[in-house]
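Report on the structure given below.
For reference, chains read A, B and C in written order, and residue numbers begin at 1 within each chain.
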């Protein structure tokens, strides 16, 4: 029963966070956006009368709390409103862009886990300060390189100079087009996955069963592959799941550099044209994906590891 | 921990397999270029592919491939030429226009196009529910257009389908050049049955009557068009046209050089010289009807009633350097308001040159010797395109004569909002021809009662010249009036004309047959792509 | 990356186990890999340069010179000039000031807010604590760059708003770290002893609890500065940060993409500058993590 109580509380707190995020966004955007949405929609050709009409149509003449109430009510019905600029429902616009973002995020995650876990396994148990230093330094360089700089360099080298990879665009979901943006996106995160994997493995290596396995005659390598890795992947999987949530929203600059038709870049353009419903809708979708993924991981972790302290997984 | 980890452990082989597959596909995926496909790049996404809704260059351009109006423009001269209308008659007082439509032209859904489609399409465009940004600007002269747009009428009084192939248009006031206005895509026909189908927005799956038909639109990535086999006019030389949306000119250029696209419509700053010498690409430069200028808000101090101050700043701006160095030849220095490619352009309309000394004298005359006492000026610009570079050059020019300038880069939405709200005191903006007549640079911008008169400029003499010009049938007389008005406006100095934009396009060597249109469109009819 | 939080604990090489790390003092662990002192030296060099920039004999970083457009590195201009004929060395060094300023001020704001909220959470009792922590969750649920872009869309571009946007989404991690650190410090023997001696709550807080709780924040602060520098560069790169004609590394990169073929130095110089500066702070953060909490990575997860 304990576990159901935990799940219930976790879900309630997830809903509270979501409601809080929506409220925060709504208030910040509606209260602080300078000027007038109606003017932004109609641009240079607007007349005072057409503006007045449009304001009435959009409900912009109502007090903020009425607009907020309406927005929440529609949100409950999964209606995110209508984009000012595109004149289409926000959810259908987001539906157009989400697949490209999920596709890129998935590829980056795959890369991140393969390379990161491999790195962690290579480094685990090595006591050499020199190795530590080299790996820390190279990891830090990857983390420190801004995505737009790394992206530009990769584009220049692999697309412009060598001509072996496409430079930009989705290319009709051709996997070749995925390589450079996914590498760019994954580069900085690899070290974090690697370090976590290594730490988790080293923790396992000190456990009794590991030593027992060694004493049964397995080599260190065999023991690590057969036993250590399996157990160490738990925390790494948690980090990766959380990371996927971040990637779904956090690829904006990479998408801009690679002209990738994803959600982040779309949100940037929408922010430029003051398309408030679209920005609001897109950010809400990203936040929801992030929070829901987080909560699921948290619950799953707790279900599978009953001894864990509550809230622990989130701190990772 | 067991269960979770059992699952996760299989990750490694699975991911390796996927990665391997991906690599194999990379190797297999290198295709050859197809000679029937023409791919070009645009910097931004069309806001809509719908004649009634397109209001920016990209949307207008692509709409022209998909929809043919009553008339079109000759792609070389920009002169009006017949399209769906074979011929037309104009009444002597220039208020009644009768169009005779070609028989047997079809929408791509197979239905024949008639005069009734124009009545429907124009009424739809003007209907306030459609929220067309351009309809009233272009159709305002039609009798009843304003009433319809204001919601006071439900039909367009001045348009009548006499029979299936005859359309009669009556104007509110004489307008000799009205036929020119009709070349704008907002006047193109749309099939009612498709618009009202309602399943998806018409703009997402447009059905037209132009040389190409719509195939697909992956938002912010590409739009694909196919040849329209039923088109009444001359068939284009390529079967498929792909427009890729690449917001960075630098990325687009790199894509062109890598052989992935055939044409780009603008180049990154600083690249013109290098591209001229580059034998692996063909650079094309052509004049286009667009003026880049800095506007004074005449309702604000210090500009109000201080013509010497405004003139001083005009003398201070080095238009030559901006056009040649900052814009690297992607522009000509402005010598007036009306660009050189426009029929009726007068040379050297500008009574000003670049001369910091004259500027300094005038500045002193205006009451601000060496800029003393002049408050810092806020120069606003839109962040798109080369505006930022132009702004920095103007800032330096004005600083050289003692006028301190601060720069504010704004997103388009905010920029227009603040500009129309009269909040900007000094701003860079460009104006591109909506129709092929001098009128498009003078009447909407400088007539005192026009919504797009962003200067707050009012000169009764200019107003009456512009009105008289519109109703004058004789072309020479009409142009003389426009020219007089232009000189009067320049003397009043409500703006600093800076440059006439040039179109700089770059083509891959396999592309031939490019024709440049003065409206800045890429004309597709003669484009040929050879095997590479 | 600008787009991610840099987690304070999951970061960094696992310290060698056993006597190697455990036997050394704080300074010993800090300099163990050599990267800590290296980071310190790099930061020192960057800060000193940034402070001295106005005194150095550099060309004007802002005024254009259209006779010197796109000069290659070397003669007259060590790092060449840009499209407006401005000296790249001068612009790169002036940009360092902005970058450091944003990094330090934004982190300072986030730190101050985080410490305040963290203390409030611990001292205001059962009801407020979970509320404040859920509030932190709300702010943490926004993808970093997207949140900043939404804020910048509201506030408008400019350096001041970059501080605010970064701090707006940056405080919750400080609050969380500080809260848990406070909770454990409060239970320490010397705090209990002070209470037993009858010291006032306020005195105990400022003299005993606060100074001892704040050290875990040091490592994360260094990482946060790195994150803020990347965020400023990223926002400037997409036109939302530092405004023209003022120099910023991100903006310089954005302005030079078009010339990458013909004038690669215009992009490489600011790109390397931002990478090295960020690197210095990341290495500092890693070394501090190692020094302060030798078991840090063992508890990660």
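Keep in mind that, in the parts below, a residue touches a chain if its C-beta (ideal position, glycine included) is under 8 Å from a C-beta of that chain, and two chains touch if they have at least 3 such contacts.
Small disclaimer: the values here were computed from a predicted structure and weren't measured.
Visitor: In terms of Cα-based centroids, which chain occupies the most central position?
Guide: Per-chain C-alpha centroids ranked by distance to the global centroid put A first.
Visitor: By raw count of C-beta pairs in contact, what's the busiest chain pair here?
Guide: A-C
Visitor: Please report how many Å separate the Cα centroid of subunit A from that of subunit B, as a whole number.
Guide: Those two chain centres are 38 Å apart.
Visitor: I'd like the Å distance between the centres of subunit A and subunit C, where a centre is the mean of that chain's Cα atoms.
Guide: 21
Visitor: In angstrom, rounded to a whole number, how far apart do the mean CA points of subunit B and subunit C lie?
Guide: So the centre of subunit B lies 44 Å away from the centre of subunit C.
Visitor: For subunit B, what residues touch not just one other chain but two or more?
Guide: 248, 251, 254, 383, 411, 414
Visitor: What are the residue numbers in subunit A that touch two or more other chains?
Guide: Those would be 34, 156, 160, 256, 271-272, 274.
Visitor: Which positions in subunit C touch two or more other chains at once?
Guide: Answer for subunit C, listing residues that touch two or more other chains: 153, 156, 257, 260-261.
Visitor: Which residues of subunit B touch subunit A once you look at their complex with the stated criterion?
Guide: Answer in residue numbers: 1-6, 8-9, 11-12, 15-16, 18-19, 22, 25-26, 29-30, 45, 47-48, 53, 55, 128, 131, 133-134, 136-137, 150-151, 201, 203-204, 218-222, 244-248, 251, 254-255, 257-260, 383, 411-414, 416-421, 451-452.
Visitor: Quick check on the complex: what are the subunit A residues that touch subunit B?
Guide: For subunit A paired with subunit B, touching residues are 34-36, 39-47, 49-50, 53-54, 85-88, 93, 96-97, 100, 107, 110-111, 113-114, 117, 155-156, 159-160, 163, 165-170, 172, 174-176, 178-179, 229-231, 233-234, 236-237, 256-257, 259, 261, 265-266, 269, 271-274, 300-301, 304-305.
Visitor: What does subunit A use to touch subunit C in their complex?
Guide: For this pair, the touching residues of subunit A are 13, 16-18, 20-21, 24-25, 28-29, 32-34, 123, 127, 129, 132-133, 135-137, 140-141, 143-149, 152-153, 156, 160, 185, 187-189, 191-192, 195-196, 198-200, 202-203, 206, 235, 238-239, 243, 246, 248-254, 256, 264, 267-268, 271-272, 274, 279, 282-283, 286-287, 290-291, 294, 312-316.
Visitor: In the complex, go through subunit C and note every residue touching subunit B.
Guide: Per the touch definition, subunit C meets subunit B at residues 63-64, 66, 69-70, 83-84, 153, 156-157, 239, 243-245, 257-263.
Visitor: Show which residues of subunit C lie in contact with subunit A when the two form their complex.
Guide: 1-7, 9-14, 16-17, 20, 32-35, 134-135, 137-139, 141-147, 149-156, 176, 226, 230, 233-234, 237-238, 250, 253-254, 257, 260-261, 264, 267, 271, 274-276, 278-279, 282-283, 286, 297-298, 300-301
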